[in-house]
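Note that chain A is present in both complexes that follow, paired respectively with chain B and with chain C.
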Partner chain A sequence: MNIENSTSQQDKKTIRARLKTFLAPVPLIGWLLGIFGAVLVEYFLGDLISYYFGLPKIPVLFGFLTVLKKPLLMPGTIGYLALVYGVPILVIAKTLQKPANRIADFLDRGPVTVAAFVHLGLLYGALHFWADLSDYRLLVLKLTMIAIMLTLSINIINGYMGEFSCSHPGFMALGAYTASAITLLLFTDDKQFGIALLPAALGPYLFPLALIAGGIAAALGALVIAIPSFRTRGDYLAIISLAFLFIVKSVIENLEFVGGPRGMSSQPHYSTLPVVFIVMVLCIWIINNFVRSTMGKALNAVRDNELAAEAMTVNTRKTKIITFMFGAFWAGVAGGLFAHVLRYVNPGSFGIQRLAEILAMVYFGGLNSVTGSIVGAVSINVLGEALRPLEIYKWIIIPLLLIVVMLVRPTGLISFTEFKPKELMKPRHNREEGA
Partner chain B sequence: MALLRVDNMTHYFGGLRAVHKYNLILEPGHIVGLIGPNGAGKTTIFNLISGIHTPTEGNIELGGSNLIGHHPHEIAAMGLGRTFQNLLLWRHMTVLDHVKMACYSQLEYGIWGAFFGSRHCHKEEKRITAKAMHLLETFDVARFSTQLAVSLPYGAQRRVEMARAMATNPKVLFLDEPTAGMTPDELNRMIAIIRKIHEEFNVAIFLIEHRLKFVMELCERIQTLVFGEVIAEGTPGEIKNNPQVIEAYLGKEDIH
Partner chain C sequence: MDLFLQNIVNGLQWGSFYALIALGYSMVYSILMLFNFAHGDVFMVGSYIGFGVATALLGFVAMTGIPLPGWLILILTILFSMFFTSFVGMFIERVGYRPLRDAPRASAAITGLMIGIILETGNLAILGARRLSFPQLIESATYQFGGVYVTNKKILIVGVSLGLMYLLHRFIQNSKWGMAMRAMSFDFQAVPLMGVSINKIAPLTFAIGSALASAAGILYGLAYPVLDPYMGILLGWKAFVAAILGGRGSILGAALAGFLLGFIEIFVAWIFPSTLRDVIAYSIILLILTFRPHGFFGQAHSTQLRL
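This part shows the complex of A and B:
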């Protein structure tokens, strides 16, 4: 909706404008209800509808995989998507517009936490039923949420503070290995650490502590970059951070007690959908709180002009340390979740390839923006999965897309904006209604 | 007792002597000007006092406490506000955020308050927002508060920078060429603004300026700096008629 329309097509513009005025009065909760409804339609009627459209099974990832493998199924897939997603979302959102606005109005008057819980609950419900239909969906969903955390956490360093840090996979590796080592040591009988030290039933409850330990390990690792950042900036710091990535990777490859190049496997299955979802929401919430506070905006001041920041009483060294440690912490937590989603880690998964992926997500989505990070992570991740049938061509299409975005919007799709959940959840009354 | 006191400050950049045995006594509520040709070391003196460089020799005291060896942000928080010759504004920040940012050292919430959006944090943010809006009104830029500072007209940018410096609660305000690039109209306005700051906030002001009219009108005392050394110091009248100053500015009389 952000893409500027070409100026020549007048009538197209009016259709868009009309559509906009038609849909504008639907509040966020209305859309969420629509999505929830659509997911329920698919959950209960998906098999039937896909049968009538001549599809072998429910299209897993919005039909991309089906169509790319068998292009002839395109009409059926489009019909399925329209009937299962398009129609229910539009119909429910539009018909429930008034009650939804009333609910939004009611929530708006109460504390913002309650409103957030209601919205997030609906969103989680929709995602839960959506992912329940196939294990592949579940995996993609979890990895996407982890990608959101990674993108947000690198946005703190690369976007909000404007240093080009290349060590994010390294932080992720530190978190993944620390969390895995803790859960393997304490809660599982495995070949690396021997028998479990604690009863396995405690595991899921202590898993957050393992994640936090992973985050702390990553944050301590970040000091290796934070301290040189007092004296160097820009390209030179980028090289230092790249060096850090390689150091972490080769250290892990050579540590036999964490499995060396073979890595560690059989982590307990703790990264369930609710766990990943809750951690992601916490991550977004805390990061968004921070970057909207004056203390967090000090990062922008340091980025835009360090000298002026110092002269205006901003403690730039403290700010830099906080930024690197905070960013690395969330990368470490995301790494811990990642290890427990795949239930396998090896040094190979934290190399340059992963770095390229993370950087692509953050620059595609937009610097200095929470919304941008979410959009970037979701789109690159889902696209990466959806274009999988194209095999090698996937790695031509996605980079090309990135180049196009960089040409049209040099700082990413949605950059330099503030994410205001309260505004987002507000009721959308029409002018005459609101009076 | 002097508010700001600089004793025998000398500074070398490598082998180059930038400042030589510089002395300054700034009493509360006074306005002192520093003039001199390009490259005389005026901005270096500003940077030395505000902690960006550490002087090779000498002593600096602000309100009785020593400034040598402190970081610039500590010195700023101790009560030394400053503006810059070439307007160091933050490119992606709004006018309001500029002024709020300068309240950084006055924030009473910690890092955890910022992470979890504590009630205390929200209260503090509200407090400094009110303070910042008040300052923006004082400097007549409140109507730009939600715009990016770099998108404002030049004169307004200067005033935003001044509001930002005042938000640090300075006892001493350093102004580095506040009228650089201004038209005569804007210059007169700037004189009025500086007078207003001086009266309303009761700060001592130390300023670098090229335009003699401006300095003569505002300052109670003027120092003339040439090649890092003060060659003359006195009231505007004394400076105006000092042959050494005239020589430094206009050259020797007997040109062959």
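This part shows the complex of A and C:
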């Protein structure tokens, strides 16, 4: 036996284990407080700190953009990140550990909705101040949230139900065009639809209705795929959904009153950060409830063995129709938000490229898992933005990464897990204290 | 009537591209029960390799002064490119498909898609965004039969495609390797036990499919001499649709459905405004698949998604 080697390994293990025991008693709300504090530090002191580290301005996306453009600024960026994010998060999370645990304990005894509200409020506050520093951050944040919704909604169909649906950009396009047409028709004066029919002041309040209309349009479109799915599955369904995508794109290109290939522009500015955040939270909440319901379990049954599921009194037709329409609904809502974030839609943005992007997000994150979808959407989206200075090489690195993930974990990073908000928000007492 | 015949000729030409590419999809499917989603980009790569080979041969002719005729250069280009592109196919099989043979099918689909994106982007990174124009190896000539105009290129394209399909058919029906492939597509779990290695048959299938795609790429370059890195996407996906329409794993079905898709597109563009081409073509395909969910020649066994 090589004693020295084994002891050094043990040392390493103990350091990791020590770090783990050191950080384990911090509850989620403690981390959120830490993040909130770090964001506040950046908000008020960011300019100053970045000046002292020799950076031209605050690193917008965790320093990736700065470092990739000017590698010499790497030490400064790392120092900045450590000082602005690392130190405050750790310090606040650790010092507030006891009160945070007490708060978590208090919230844990109350209804889960209240606890969720408090956590989400903190998260939103942090994101708000983080995004307030630059418009680019705001855009990336909104697009990431929309990506989360898209990934979740395709995960219901591709992950939980196990079909290979390729039509998600089509659903998204239906939602985007329906919602845009409604807001342009009702609330704005523009060249395509003429003068506004309703006072513009009503717009932000009726915007959710436009989103829902977009979702319903997408859900109706999903019937085109759901009905053939009774008789066929697998590759043929993939083709049917692919054909549906091409048809939607082509129909929109041929409809002159929605702008044809040129698309629609100057949508009103309704997709603000709170709106996108609230819709995303609703989406996660409802989808998580859906997949944990009886219907959600039926999805897995249909995926694993349709005949056996049918024998066990699962109504497979109803399950399929509801799932397709439900997934498409959220894709449509995400599309509506997307159109109002970019304030421009054209058929070209809902093609094969978008499909590859969505599929990459869901398979990277993990099938059959809400957490996985969130992780996949955030990582692929943020990585895509962070590697932007590499220009086209970005599209070599991301696919390579995805291939590696597929080879190592064929079902994605975090697959087949349940997302349990109540467990996440639980207080984490020390074992010594508890004993 | 003349226009009708003219469109039949155009449809034959357009369909032969689809048919050649669809064959590659279908062959891989019949062996591995997986679709090679990078195949459309193999077509693109094959076209670029053809461009490289043709340029090199023309340079060779100019340098040495050996007067090679255009048709000989074309034949050499097709043969060399098919040879080189087959290695691209084998590489894709080795990297993206062999490690994932027992994984969920969707994972292999994703690796295929991603290899396709890498091929496109790699091409863009190496050659830049400018479009290349394929060298005109043969003088084009137009013949008139009645009211129908036929160029020699159209005859060549259709002829070469049909010839390659016939060769493929003979190879699969008569050769030992072809027999192994047929056996493998019948049962890919029992046949390896009989001493036929799937690690030989699968690369062979990818190689043959890629070689056919390369031939299609060169013929496409002859007819539409502008190459760009994204040319594989549209044609590839449509050929994929044709492969499914023919019945997955059916070689004859893939070829026929490729031609059918070509005819549908050409005739839709003739009768309706050409912007409606995709809508009507895909609606027809949706209808066909709704009533014949397993394609023309597909077997009606329902495979589970291995997930």
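We take it that the second predicted complex is superposed on the first by the 421 of 435 C-alpha atoms of A that agree within 3 Å, B and C clash if a C-alpha of one lies under 4 Å from a C-alpha of the other, contacts with A are read in each partner's own complex, and residues count from 1 in each chain.
We adopt the following convention: a contact is a pair of C-beta atoms (placed from the backbone, for glycine too) under 8 Å apart; a residue touches a chain by one contact, two chains touch by 3 or more.
Keep in mind that what you see is a predicted model, and the values were worked out from it rather than measured.
**Q** If you stack the two complexes on chain A, which partner ends up touching A:240: first (chain B), second (chain C), both, or neither?
**A** In the superposed model, A:240 contacts chain C only, not chain B.
**Q** I'd like to know which partner A:360 touches here: chain B for first, chain C for second, both or neither.
**A** Touch status of A:360: second partner only.
**Q** Considering only touches as defined above, state whether A:352 meets chain B (first), chain C (second), both or neither.
**A** Touch status of A:352: second partner only.
**Q** So, A:21: does it touch chain B (first), chain C (second), both, or neither?
**A** neither
**Q** Considering only touches as defined above, state whether A:417 meets chain B (first), chain C (second), both or neither.
**A** neither
**Q** Considering only touches as defined above, state whether A:395 meets chain B (first), chain C (second), both or neither.
**A** After superposing on A, A:395 lies in contact with chain C but is clear of chain B.
**Q** Return the chain, chain B or chain C, that is in touch with more residues of chain A.
**A** More residues of chain A are touched by C.
**Q** Once the two structures are fitted together, what part of chain A is touched by chain B and by chain C alike?
**A** 303-305
**Q** Within their complex, state which residues of chain B touch chain A.
**A** For this pair, the touching residues of chain B are 50, 52, 71-73, 76-77, 81-82, 84, 88-93, 97, 100-107, 109, 111, 114-117, 121, 125, 128, 164-165, 167-168.
**Q** Taking the touch rule as given, give the residues of chain A at its contact with chain B in the complex, in rising order.
**A** Contacts found on chain A: 285-286, 289-290, 293-298, 300-301, 303-305, 307-317, 322, 368, 416.
**Q** Where on chain C is chain A touching in the complex?
**A** 29, 35, 95-96, 99-100, 103-111, 113-115, 117-118, 120-122, 124-125, 233, 237, 240-241, 244-245, 248, 275-279, 282-283, 285-286, 289-290, 293-295, 302-305, 307
**Q** Can you tell me which positions in chain A touch chain C when the two form their complex?
**A** 158, 162-164, 224, 228, 231-236, 239-240, 242-244, 246-247, 249-251, 253-254, 303-305, 352, 356, 359-360, 363, 367, 392-393, 395-396, 399-400, 402-403, 406-407, 410-411
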